[in-house]
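Multiple structures are listed underneath, in structure tokens.
Same chain, two partners: subunit A is paired with subunit B first, then with subunit C.
Now for the complex of A and B:
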């Protein structure tokens, strides 16, 4: 991986140049309704961005899979039905100041979006976007990225990773897109800068690691063979099934497709975020619901993230960002729940439910 | 062992109830506890961080809880109104729930902060509290604390909304509701949203578009707040649940004020007092229906 030094002024001038060229630039900004909170928003000036203060309250997911989006327009005419699809090519955009876990979340979702069907809307946006992550130093007790194979210094899903050093950043150029972005910017990094950057990465990791031990590979197998374990019956008693966790989650990607009429003979087909935590998600047209209570729905959430997805795509569908737990009105806490389940799995290594 | 723990232990030991729904310390402050064995009763706590309205867990459709058996529930005076609400609306029978009511001197707006209770940190819903000593209970527990400090923020916000012209108010709410992602977390966390099938989920006909367009979001929240008129107990669970931080308590609070003004009714903690939604009176104020 190549690297460069970029001063604060050079970063501002790079963002300024992109904005002048009408490139959409997204960065963490102070939320309008609560200045203590950050959210990713398109910026108009380099000064709008607030880097490294805290985790933005929502992930980057909405820039690639919006809460609602039009898939096609339809119109009934005498000749038949006219279908007008939406363009899947989008103009280039650059995200500065992504937290590494959010970039990693997108990379995880790429797998399912290119599985039995290639989702052109998702990949249109993914390919048009260059993601610059910054070393995370805003972790709290609910973060557990290091337990899911990532870390505050993870470059998974990022095109470049910026690590703060004196007067600027050491920029690791992860992909050709990252290299292209910094082609005409930055200077050679000194050995001191490299050493400093490595120290900060180690220190950042050390702040998260005590929160939850690395999830063992066998956990996925244990989950798969303990579908009927009694723990599921009581694990989600306090869960409302409201799905706020899924809305906040950088990797929850389920959607529902609906047709909505604009007039008698015209309408749009949309896809909207959906969540396996609501009863409606699995209810059959007969009225039967295979996931009748919140116990089964919460089990589904854990199974999908920590067993089904890993067995199908080789990675956990969770970045350890902790948003689900911080935002939960019922006090569900994913790191402690996963910790409890891993302990059960390790206490009884032999497979087989009860 | 304190009074609450002692009562819970007794109820579980003598088989009066199978589960006590209360509060315990969790990894992120206080959270709901479901105590099923007498020896676990010492987990129960009650302090200024106990913000959540546990009456939501009495919804009979929450089968993962109902299958535990008969429940006792820990409530504050304000939450008791939600218990009265679900009894009044025939969701549960009074005899099938044991109410452990706590005397309360106010709770924190942000319970995860674990700060002392003062005018800056107290929940906006504790302003002018008239139910520090709950009236609906099987067991009335704890010492009566002093009156909570008053946080007038929401009173001021609602007054500001009332001063707005209709178009200003429309624009304010359009701005707020443009953020709604239609996850319906507000509904799921609400103790009074217990319909078997919510209108938002009816598709034949589709009353409300499920997509999070501004038009559909306005329709959804308008429907929800009108359905809550005189039923909402002002526990702010909807606002607490909203992942988009929409100030939903202003919406329900505004309607609650209108109900009080028009019908002289505030959500009652007496299940036998009918709510305006459920009664027809010939002397009802109809001046505003034209």
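Now for the complex of A and C:
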């Protein structure tokens, strides 16, 4: 991986140049309704960005899988129905200040969106976007990225990773898109900068690691063979089935497809975020519901993230950002729950379930 | 064209099967799409009424009849009720074919027992006509079909055609109380009808579709007859939106009905988490 040094002024001038060229630039900014919160937003000036203060309250997912988006327009005419396609190509955009767990979430969803059938709406935005993640140093007790195989210094899903050093950043250029972004910017990094950056990364990791031990590979197999374990009955007792966890999650990608009238003969087909935690998610038209209770729906959430997706794609569908725990009105805490389940999985076989 | 964009199809024919079940015969508007469209018996699609949404059904016609597809549905929800309001000449959307299919190649040279209950005959009918169109490549064919009442039997004109063929053994049954004075078939539930009709599992595959309760009580009968779970095929249906493995709705544990199914063997079903 190549690297460069970029001073604070050079970063500001890079962002300024992009904005001047009408490139959409997205960065963490203070939320309008709550200045203690950050959210990813398109910015108008380099000064709008607020880097390294805290985890933005929602993930980057909405820029690639919007909460609601039009899949097609239809129009009824005398002759039949006309369909107008939506464009899948979008203008280039650059995201600065992504947290590594959010960039990694996009890489995980890529695998689903490319599973046999390629979702061009997703990939149109993915390909048009250059993602610059910053080393995370705003972790709290709910973060557990190191337990899911990532870390505050992870470059998974990022085109470049910026690590703060004196007067600026050490920029690791992860992909050709990252290299292209900094082609005319930055200077050669010194050995001191490299050493400092490595120390920061080690220190950042050490802050998250105590929160939850690395999830063992065998956990996925244990989950698959303990679908009927009694623990599922009690785990979800505090879950309201509201789906806040899924909305905040960088990897939850379930969606609904619905039609909406605009007028009597015109309308759109939309894709909307959905969540496996809601009661109607799987209900059949006969009224039969394969996941009739909240314990079954919560089991699906855990199984999907830690067993089903891993069995298909070889990694965990969770980046350890902890937003689901912070946002849960019932106080469900994913790292504690996963920790409890891992402990069950590692208990003696006779105590481990069926 | 993005993967969620449907092909446009015209309704060419409407057949009312029962008081609430209807079959639509559909043709692609675009002759280029029609020419290249291929599917196998058991595959499904997403059918849409513009302004109402999409709904998932199997393709109920056999791939041996080119130029059109058929779907049969019961008006139960928003989309199916809207489909019912459409007329001949109206346009619907279709995405597909999706999913796996019944292994016709494997069944060639063997006998097949088809078992269906109610509207569960729709996917089985696609296989039956497929096999009948290639009749000399299969051995004995037996069809056991039943519904709650005589009025609930679907594809009645085809039941008559099958009854008249000497190369098909057909057994029709209705639940006790569902018979009419002139009913000539059995008055029995499907498991009993299978017990009375199917003599042997030797060299035979079973294809079974119907309500979960029917399948639950028929599988032991088939096993008693000697059918191994690997030779009993059925379809699972779960609520779906995309049909492409992305919307996250139809999975039963690690198994995605839209991609790994909808056709499964009884042996595979036994290994699934019991969440369907």
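Operating definition for what follows: the second predicted complex is superposed on the first by the 348 of 354 C-alpha atoms of A that agree within 3 Å, B and C clash if a C-alpha of one lies under 4 Å from a C-alpha of the other, contacts with A are read in each partner's own complex, and residues count from 1 in each chain.
As a convention for this text, a residue touches a chain if its C-beta (ideal position, glycine included) is under 8 Å from a C-beta of that chain, and two chains touch if they have at least 3 such contacts.
For clarity, every value in this text was computed on a predicted model and none was experimentally measured.
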Fit-or-clash call for subunit B and subunit C when the two complexes are aligned on subunit A: fit
First (subunit B), second (subunit C), both or neither touched by A:305: neither
First, second, both or neither for A:177, with subunit B first and subunit C second: neither
First, second, both or neither for A:247, with subunit B first and subunit C second: first
First, second, both or neither for A:256, with subunit B first and subunit C second: both
Which of subunit B and subunit C A:118 touches, first, second, both or neither: second
Partner chain(s) touched by A:4 [first = subunit B, second = subunit C, both, neither]: neither
Superposed arrangement (fit on chain A Cα atoms) - minimum subunit B/subunit C Cα distance in Å: 5
Common interface residues of subunit A - those touching subunit B in one complex and subunit C in the other: 256, 258
Residues of subunit A that touch subunit C when the two form their complex: 71-72, 74, 76, 80-81, 83, 85-86, 88, 112-113, 115-121, 224, 227-228, 253-259, 261, 267, 269, 271, 274, 276, 281-286, 288, 290-291, 296, 300, 303-304, 307-308, 311-312
Subunit A-facing residues of subunit C, complex: 1-6, 8, 10, 29, 48-54, 76-77, 80, 91, 93, 212, 237-239, 241-242, 244-254, 259, 273-276
Complex interface listing, subunit B residues touching subunit A: 26-34, 52, 56-57, 62-65, 67-68, 181-189, 201, 206, 209-213, 237, 240-245, 247
Of all residues in subunit A, those that touch subunit B in their complex: 31, 33-34, 37, 57-58, 67-68, 141-142, 233-234, 236-238, 240-244, 246-248, 256, 258, 260, 270, 272-273, 275, 278, 280, 292-295, 325-327, 329-331, 333, 335-336
